[in-house]
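Have a look at the structure below, then the notes.
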Amino acid sequence: MAGKEHNGGRAPGRTLGIGMVGYAFMGAAHSQGWRTVGRVFDLPLRPVLAAVCGRDAGAVRAAADRHGWAAAETDWRALVARDDVDVVDICTPGDSHAEIAIAALEAGKHVLCEKPLANTVAEAEAMVAAADRARARGRAAMVGFNYRRVPAMAYARELVAGGRLGALRHVRVTYLQDWLVDPDFPLTWRLERAHAGSGALGDLGAHIVDLAQYLAGEPIVGVSALTETFVRERPLLAGASSGLSASGGAERGTVTVDDAALFTGRLASGALVSFEATRMAAGRKNALRLELNGERGSLAFDLERLNELSFFDGADPARTAGFRRILVTEPDHPYLEAWWPPGHALGYEHTFAHQARDLVHAIASGTEPVPSFADGLRVQRVLAAVEESAEKNAVYTPVTP
Amino acid sequence: MAGKEHNGGRAPGRTLGIGMVGYAFMGAAHSQGWRTVGRVFDLPLRPVLAAVCGRDAGAVRAAADRHGWAAAETDWRALVARDDVDVVDICTPGDSHAEIAIAALEAGKHVLCEKPLANTVAEAEAMVAAADRARARGRAAMVGFNYRRVPAMAYARELVAGGRLGALRHVRVTYLQDWLVDPDFPLTWRLERAHAGSGALGDLGAHIVDLAQYLAGEPIVGVSALTETFVRERPLLAGASSGLSASGGAERGTVTVDDAALFTGRLASGALVSFEATRMAAGRKNALRLELNGERGSLAFDLERLNELSFFDGADPARTAGFRRILVTEPDHPYLEAWWPPGHALGYEHTFAHQARDLVHAIASGTEPVPSFADGLRVQRVLAAVEESAEKNAVYTPVTP
Amino acid sequence: MAGKEHNGGRAPGRTLGIGMVGYAFMGAAHSQGWRTVGRVFDLPLRPVLAAVCGRDAGAVRAAADRHGWAAAETDWRALVARDDVDVVDICTPGDSHAEIAIAALEAGKHVLCEKPLANTVAEAEAMVAAADRARARGRAAMVGFNYRRVPAMAYARELVAGGRLGALRHVRVTYLQDWLVDPDFPLTWRLERAHAGSGALGDLGAHIVDLAQYLAGEPIVGVSALTETFVRERPLLAGASSGLSASGGAERGTVTVDDAALFTGRLASGALVSFEATRMAAGRKNALRLELNGERGSLAFDLERLNELSFFDGADPARTAGFRRILVTEPDHPYLEAWWPPGHALGYEHTFAHQARDLVHAIASGTEPVPSFADGLRVQRVLAAVEESAEKNAVYTPVTP
Amino acid sequence: MAGKEHNGGRAPGRTLGIGMVGYAFMGAAHSQGWRTVGRVFDLPLRPVLAAVCGRDAGAVRAAADRHGWAAAETDWRALVARDDVDVVDICTPGDSHAEIAIAALEAGKHVLCEKPLANTVAEAEAMVAAADRARARGRAAMVGFNYRRVPAMAYARELVAGGRLGALRHVRVTYLQDWLVDPDFPLTWRLERAHAGSGALGDLGAHIVDLAQYLAGEPIVGVSALTETFVRERPLLAGASSGLSASGGAERGTVTVDDAALFTGRLASGALVSFEATRMAAGRKNALRLELNGERGSLAFDLERLNELSFFDGADPARTAGFRRILVTEPDHPYLEAWWPPGHALGYEHTFAHQARDLVHAIASGTEPVPSFADGLRVQRVLAAVEESAEKNAVYTPVTP
């Protein structure tokens, strides 16, 4: 099949047709991941960029041409129905995740769903149920917490899992951005509760809750939270928006999500956790910073310097002990076997190729991909507990197990 | 008087006799401050290291010799009664602060009291009342939050007060140490509630609460808190201890203070605050790290690199904007007029000379020194609210105004 | 034409056929650049990955499949002769650059040639002559100094050209790697004078000489140099090698290139320059670090943190002056209009997409691409002066203008 | 003796009378060192600040009061002749070092002489001869390369001496300041060859040459050098000057020293060295940055962050290897047994207390202090070779052994 021949594939042998819904920021990043993965990694299946879907026919056709998708659809149900689509990759706002994902799984497709898994716990639970049913039929469902695929984060998990930190005492993570500092930044869908579910919490908080649970290897069991919306009215959108950049008109509307969320809590082991997600930190562009302290060592990381991991090994003698700046670019670091020589930096988008790699392997081997929808639900439940605590005067609120 | 001639003084003219109670870590640091201040700064009064007080006669005599105090006393009441003592400098554990400070003020002495001001709000209130009465008689009372005297912090306050950050959105501060990571570190007085009042909270938390309120220029109005003691039993002390270093025996006792305290809250303006104080962060030796985000700019600081202040000026064009690493060693930076050429680093102990400078000027001019006992009480009330919130399941707890 | 339809292209309209010679490390990086450029940037011509060439038929066929090239050739002359090849992209070792480039230009092709332009000045001069003749016939020739395309470097050039640094006083650049620290790293072609021309000098030194001349906007006019080969014998190669990773056998051969080269010199304006290129700096993986000091400001950069540029603006008041850490990820930074939101890191390979973008624009508009072969020759002449100086006891050696 | 009782001393027992010549920047720093050393360290002799000397009677009297010296002299010969002076501490410009030092040694005094040892090799040789004669009579002579006493540097030397870096390949050091960037900075004595000997070379270059030889444990055997004076005329001084800060008048005079010096060279072992000393690096205040690369590891240091040492241990597995940021504030780091708890920063001036400590121990034990005058001469010979090479077109110039 000609289409399969020229899109993203390499090896002869079986192909894996990808159909993507949505083509804004996340769609561009996923496209780059799907186009690149087979060129860099050895894969058991050859991904083919079969079709992309969006509501505006002209725009989706242009996006297909731009990003290398063979076909364009304007109805996601049509995309799900295509024979040449094996995987439905959902890059839409959170309010449509559940409907599309469940339909796709029921239609026998594998699903990759952007984070957050859904806007509500109920939706997420329905998605997990659908994923469970689909799994019985050999279909995979994965949620797109791509930061697990930053090599430094995957390697950090190996260090924690290998006991190099000992029992954890503290996990602290901030995710700081500044694109809402300007009070005239307009009211995009990301600032509307109906579409985005929540603000910094669901967008940034979801990432850091997942990362914390992933790195620690244990769930958050309770939280205490404060949230705030500093700028409560913003200009209504003058035209179309990609969600992250846009211009506003003279009229103003009400912001219905949080600008910032702070929460503390506990892991199952008793370790203390501390989180801060905000879009109001002037000068911080993408400052996902985390630190884990254990009885044997510590780890620190900053997404703005994503090729580096800081590791303090408590086993070193005090005189020579110190945080090591590890450049996570050695051939035996996770995902690095396929890239450049040591010291040659990877970027943000590589996480999407890594995500694609891991999903393809899971599909080919019939194993459940991680993070699973259940992992996504666990994050959703933490976010729900955060919102509940924030409404209840920050009282410590258990997370539903 | 000969003694006044040769101890720490310089200029002819009036002297200011200092009497210090306690001579461990803080006593050594204060001594260095008093010895140095008149050698570096132009002062209206000449500090004289008149007498030091401690319970063990031999040890206090040795400390007097070591640190340059003319006389030694074994009873703080005798020290307070000395004619050659104008200022009583209290460097003892928190449980004795109130009694000594109140007695000294009532005896007509000026008082410098180490932080935290006291172990309880009630004590702190009594101390403020005594300070108010003493102030009416021209006596000064100051609490030793020396980190306000790190030049970078004094300069940060100037930037905030000058409006360079605009309305504050976030203040986040961590104070991370690791000297309790080892479960065999012994049970010094710092780990006993009876002497220390609390653990990381009163020791480290007091510093960062004061710094946050100082830098922001407004009080914390409510908090939500979690505290934890990870290692609940530790070896009993085998011998004497300076509080920070010691060795333990085979028998174990119960730790009665927190190892770590996390709290979030709000400033009067509505800005969100986030604090973490811990002695269990492997590899972090003295990591007081803070960041302030305002609508016009941000500041960041790390006490382990105390000569540097990071400043993001939102007024810069986006292309050239970035956090500036300001070396706070220029002649027109606070306290720097008296030190070395630009780029020549100051250290931790300089804060005590700066503190002494400011107190001497306040005494000479008859103005109230800052931080005042009222400032110390404000910190104490925040700490009390933290403890109350921690006991009440982290519920948001207003701070008594 | 079907082949042109599915390889790397997007827009309808004219295509630009690319033929690449060599497919090791540089070939993989160039492939990624050609595949990606049209997916990210708006281009006037659509690059098509027409054919790749290598001597081993099986290996080149596998490389074509892996990297997305439509056809494979085993003779570069055949590649040059192909009608569907408009641009010949030369990714072979330096000893073959001149022959291939000159033949390609004479055959009416545009040429992109990896750095260094050649192994000798004579070859480079012949290439410039060929490029001049080809230019008269509307053909472009460009040398692949890809680090000019790191956004931070392109932006640094804008700052220098805009006078933000004033007259330059110092340019200092080190390029430190450590893959030869191990004395058992084998004797790959990169360590043989016959193939590589020189060692750290031609490989790393060529990059930093070009960067220095590019950023300063003026040539190096003289140099004084020391070179050294610390490990003079290494294991002969046991099998094939990509040049940067390989394993060696028991027999040893002589290293005929430098391990390290140090040189100082002067720019035309009289500014002092300082360079160090080495493969023997334990722990430094790809540490291209540079600093420019001018009478009005300074710039600093480290390739291991390639999304950051440090800028000291001497126009700032001393109190608020400091090196700004600019994240070069804003939409109006060079090349960034097409990538991700602010703070989302780019990586090493992006430079190859940027290089491809600039070449395509130059070809489409008929302007001479930069860096030109003449720029490459200028670098070569500096390297030749370095070698001459090193042979003549480091005496200051003028660079042929 | 009363005077000895109250100046800087502590322990009963023998005192050591210090007489200092010069009281500007270095004099202030040395005074702080002498005042502090006995308060912090256990010493076998008690330093007493006996007398200070300067030409202006009023100014030297004020300096004595300010810095705590018991007596003031206006003729250095009178100071040398004093019975209460055991050590003559020379803090004058380089042109007077030889005369004072030799006279003091001949008068039976111990001598501490600021760096550079002298302005010429001949003077330095005469000083070494005098030191040798004095040593035979039990008198110590030491040169004030205080940066050896930064704890991180002393610790670095231990690591190198302990073989942790293996055979050295590279030593590179820059010392960057910016106080001459302003073309209107006036013509102080530091810019006059007659007084200062040379410019950045003798002031900054002397420090880094000594540090390099100290850390490597071997001498520089040859150099190739470029020097430059960018601003050749500067305002004549309007009034008095401390050398580092001053204001100028309308008339201009000729700068007779270098603004910057670059030199490369070799250690006895064949390792390559690279140096840059400049006062024209905008934004760099005191940036003494060094890196050593050996076959087993590397070290890096920046004087602007003097409590930190970066150490790369090649023995670490590649996955966990990285430069460790060691906070050199542990009790078992050099000089740290006497200071504050871990993580509490030391500053620039502490080096002078450490220098005093080491000199007092050497005097008390009758061992030769380091760095000796012979070490100072070795530096001087390197500087002379640098000047010779710079005059001879950068030709590689051997250093007189």
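The chains carry the letters A, B, C and D, assigned in the order they are written, with residues numbered from 1 in each.
Assume a contact is a pair of C-beta atoms (placed from the backbone, for glycine too) under 8 Å apart; a residue touches a chain by one contact, two chains touch by 3 or more.
Chain identities (UniProt): A, B, C, D = Oxidoreductase.
No experiment lies behind these values; they were computed from the predicted model shown.
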Chains in simultaneous contact with chain C and chain D: A, B
Most distant chain from chain B, judged by the mean position of its C-alpha atoms: C
For chain A paired with chain C, centre-to-centre distance based on mean C-alpha positions, whole Å: 34
Chain B-chain C separation of Cα centroids, rounded to whole Å: 55
For chain B, residues contacting two or more additional chains: 284, 321-323, 327
Sites on chain C touched by chain B in the complex: 155, 159, 310-311, 313, 316, 318-327, 330, 332-333
Residue ranges of chain B in contact with chain A within the complex: 165, 169-170, 172, 174, 176, 178, 181, 183, 224, 226, 228, 230, 259-260, 262-266, 270, 272, 274, 276, 278, 280-284, 291, 293-298, 312, 314, 321-323, 392-396
Complex interface listing, chain D residues touching chain B: 2, 5-7, 10-11, 25, 29, 31-32, 35-36, 39-40, 65-68, 177, 179, 244-245, 284-287, 303-307, 327, 329, 331, 340-350
